[in-house]
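Pasting the structures in now, so scroll down.
Consider the two complexes below, in which chain A is the common component and chain B and chain C are the respective partners.
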Partner chain A sequence: MNLTRKGRFIHELAKQRMAMTGFFVVCLFFLIAVFLQVLPVPDPFALSLHPFHLPSGEHWMGTDNLGRDLFSRVLWGTRASLLVGVLSAGLSGVTGIIIGGIAGYYGGWVDDLLSRITDVFLVMPIFFLLILIVSLFGSHIFFVIFSIGLVTWPRNARIMRAQALALKKRAYVTAAIGSGASSFRVLFLHVVPNGVSPVIAYTVILIGQAVLVEAGLSFLGLGDPNVISWGQLIRSGQQSFASAWWISFFPGLMLLVMVSAVNFFGDGLSVVLNPRMMRR
Partner chain B sequence: MERVAYLIRRTVEMILVVLVVAVLNFTLIHLAPGDVAVYMAGVEAGPEYVASIRHEYGLDLSLYVQMGRYMSRLLHGDFGRSFTRGEAVVDVIMNRMPATLLLMGSSLILGAVLGTLGGALAARHIGSKVDYWISGLCVAAYSTPVFWLGLILIYAFSVHLNWFPSSGMMSFLEEQRGIADTLRHMALPVLSLTVYFIGQNIKVARASVAEAMQDDFITTFRAVGFKEREVFLKHGLRNALLPIVSMTGLQFTQLTAGAVLTETVFSWPGMGQLVFQAVLSRDYPVIMGGYVLMSIMVVLFTLLVDFIYVVLDPRIELK
Partner chain C sequence: MAKDGNNTLLEVHDLRMHYRLASGAVLKAVDGVTFSIKRGDKLGLIGESGCGKTSLAMTLMGLLPENAFIAEGRIFFEDDDVLSFSPGQWREFRWEKVSMVFQSAMNALDPVYRVGKQLTDVYRLHRKCSKEEAMKHVESLFHLTGLPVSRLSSYPHELSGGMKQRVIIAMSLLCNPSLIIADEPTTGLDVIIQEQIMREIVSLIDQLELSMLLVSHDVSVVTETCNRILVMYGGKVAESGDIVDVFNNPSHPYTMGLLEAFPNIHGPVKGLVALPGSPPNLALDLVG
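Now for the complex of A and B:
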């Protein structure tokens, strides 16, 4: 049964052409990020005597104000973006699952309290909050990841809560409770695994959002100064954009490609994981 | 009656949101490493001067007392004075608010209108080439970093074509100012901010129109012999409006993020830039005031959307 379900899932997903393209592009970025050290590209920190060099055969994306090879810097930026995107979206997904699951499953005052907290986070100006947190407490990349994850979970919590509400009335859940399983066990072994798919689809889309948020923070000068990131590269080329457009252009293009790919994949996933949408 | 009760409950909830934002910001700021009094006095200042500043601003009191004082002043509408400018925070922010509202409002409306039209067009020809391209482009639209798009727009339309100014809200010379002048200044920032929302709205509108067109009542209209065009415009499109309204409500919060980035790229004299500068210079009263007023703005807008929703859809479940 499990195998056929899995088979059907892969079959449906494969029919989504854009989603599959997105998936492969994301995989490509992953490979780049992992095998960066062994790729035959110049040192991203090596200075040269050719600052502001136009894109050419030698420097595919040109060079920056210090003559560093932009192509290699852009490839290095992949690592920061993916790290931030995947980890903070993952953190947001896990937090959302726990809070939403508990709220939906236990109900009563627990639900009231957790739902109100979720509502508050939903209408808060999140980006401003991030600016404040990062500029006051420091911009280390793991701190940025932690902060983004911590402010983006509410949508996931809402989705998980709705799922838990619907699933807790199912027969297999009642059976599990009847056989003496603890409520904690029922929630995390029976309810969550069966209701988690829409959360996964939304979390994939959140990866793209988190990448954009990190780029925005770095663009404002609040990124980790020790890490090459696309937002920072765009910032570094902002002053000379009129004369050396390529410094900002290529990192932004990469952002666009990566976030689009993630979104296409996420959209495809939510279509496949949501049977109601499959009929369309 | 049920509706009034619902709206009152929502209003109370929203007031709570503003209070929570205020407390959260206060706590964050006071937990942050570094001494505010030292910041204000300057690095070279002697210890007596720092102590006098600390006393003057009540920074030597306990955290609870400070928070109590701040909250009670806040409830009386007193946001304090800016550390760096010396003016009242309310005045500083109110000076900048119109520019931000102009930018955000135009983008929100333009995004909703164009997004609905685009989404409806895609849904009308669902599965066709038109649908394919619109849906693809809309994903690209909400995957584009606004600040990067802003830079490209400046490069193309300001540096090369010289059609629109690249920064500010009005011309330097008094005699050149006016509505037309401001509109020209608005063109690029509004465009770069709107693209994101057009993309999001197309997605929502396309899905909801497509769903509505499969509803039983639409089938009935068709069966009775109404023209497809009429059915689509009068009934299909109408059903797309509700999700767009609620989407717009959510977007207002995202818009505050877009605003600070767009305002930075285009040197737009709005609140986003003001608060961001305040964060960099640790001008706490402006940061706090900015956050609280911004949350009030978001909250008022959310309530407005709730209200519209209740009026538009009599079937809505008031839970």
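Now for the complex of A and C:
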């Protein structure tokens, strides 16, 4: 097979059915989140005279306690959930790569220091730390994103550090140093690109976890009250669950679909990005 | 070749490079080595595995492993005291003055970049110039080393061993260095390609009026390519001098053994001579 590296990557990924399905579902959610304003759905804030309306032709997922269209609100929830998921996972990935890369590549006391800091974050009970941060600094959505990133980067840092430790002994790294590259350049242009695959795979799976954590926070009433998110919707249907099951059911279903899709995609990625497959 | 009276390019004086082992012991990989390279010299550094050849080459490039240190000695390159360099001076020195064809050159290319990009990057690191200029320079080196220019956009895994070797050689020539250190440049290649590559290296060195330090354990490669030889044994210099003199009159028992250990296809069939015992353990202090 005479494929380029990129071609081979896409080819291998396409063979992973579940991963591709997951990928398309995630893409669909992305499209919804981006083109929300131009979608022909009712205003999610518009009140109507039909509260607790069963799913029907007019209201596909029924209406909530104030008569607002649930389908529209679930779609709007996509935006908040994806925003939180992608940004916090991205923050976690970037922080992990930088800290883990520096620790693994430079070694010595730098490694000792950064690794101990990583360990401290690693032993913290994530959810309680989140609750603490959000209740201290407020529940604006960016605090939520920041907090999730803050408590999830250590695992990425560990992965990156292990990669850097192994890669810095490679001949091409010595060659790069020997040809006059600075250590910063060697780390970020040679070590990181070669070792970043497992971090990417883990970060994608982290998107799903972050979405769940945000839903959990919102469910407890610690989410951003100005943003419609799936967690908020589930919470709002909680009181009337016995009589109007659909208010919690549909956002919960979306949550399930999205997190599963992200996880399938992430699993597929980690198989395809496996360094043993990358080499040939 | 020399523009002035001073003909000496590299001078190494009583160099001692040691490794600190985890056990606390000190391994004397390079233990009091003195030699010099004149402009135009092709010096063959020869010895068995573990005698300190590669350690010496790495010291000259300033690429010491974490647990290595220089106990004593001086290195002068064109009158610069190399061992007193700051990290910035080292970065300039490498590739501008001395470049290296790495041992295991097969793995010396980063698998995630196209080879053209890797070479232009290195060039642009040293000469501030546009991507186009750098590319032109790299293309000319590809011509010089007999590589098709179309290979610039290949990834390392798409190249054969011999091609990768040529890329590495082209890379070592990027910045017009005065000295090229070739550390077993043909390891892992078959004999035919090995011969070709060595011929090409030598013709390039002569053509560009460079000097070379060839590190090898293969007596035949060194005799065919070098004019001077340095035999190392147990971290020390066993013998050095003009290659013809050394071969006709080996004065150190190790050199004699080394020459005897090479099969002669013309002479009568006789058993190869091996030195009794194993190479000295460099972590122990040797008395005697």
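Miscellaneous remarks
Here is the rule we go by: the second predicted complex is superposed on the first by the 271 of 280 C-alpha atoms of A that agree within 3 Å, B and C clash if a C-alpha of one lies under 4 Å from a C-alpha of the other, contacts with A are read in each partner's own complex, and residues count from 1 in each chain.
In the analysis below, a residue touches a chain if its C-beta (ideal position, glycine included) is under 8 Å from a C-beta of that chain, and two chains touch if they have at least 3 such contacts.
Just so it is clear, the model here is predicted, and its values are computed rather than measured.
Annotation: superposed three-chain arrangement on chain A; chain B versus chain C shows no clash, the two fitting side by side.
Within the superposed three-chain model, A:Tyr172 lies in touch with chain C and out of touch with chain B [touch as defined at top]. In the superposed model, A:Leu256 makes contact with chain B only, not with chain C.
Of the two partners chain B and chain C, more residues of chain A are touched by B. Aligning the two complexes via chain A yields an angle of 100° at the C-alpha centre of chain A, spanning the centres of chain B and chain C, rounded to a multiple of 10.
When the two structures are aligned on the shared chain, A:Phe184 is found in touch with neither chain B nor chain C. In the superposition on chain A, A:Pro193 contacts chain C only, with no contact to chain B. In the overlay built on the shared chain, the residue A:Gly107 is in contact with chain C alone; chain B does not reach it. Looking at the shared chain after the overlay, A:Leu136 reaches chain B, while chain C stays out of its contact range.
Aligning both complexes on chain A leaves chain B and chain C separated at their closest CA atoms by 15 Å.
Shared interface residues of chain A (contacting chain B in one complex, chain C in the other): 280. In the complex of the two chains, the chain B residues touching chain A come out as 13-14, 16-17, 20-21, 24-25, 28-29, 32-33, 136, 139-140, 142-149, 151-152, 154-155, 159, 210-211, 214, 250, 253-254, 256-257, 260-261, 264-265, 275-276, 279-280, 287, 290-291, 294-295, 298-299, 302.
On the side of chain A, the complex with chain B involves touching residues 18, 116, 119-120, 122-129, 131-133, 135-137, 208, 212-213, 215-216, 219-220, 231, 234, 238, 241-242, 245, 248-249, 251-252, 255-256, 259-260, 262-264, 267, 280.
Contacts from chain C toward chain A in the complex involve residues 61, 63, 66, 91-92, 94-96, 99-100, 102-112, 121-122, 125-126, 155, 157, 168, 171, 174.
By the touch criterion given at the top, residues 4-5, 107-108, 170-172, 174-182, 185, 189-190, 193-194, 278-280 of chain A touch chain C in their complex.
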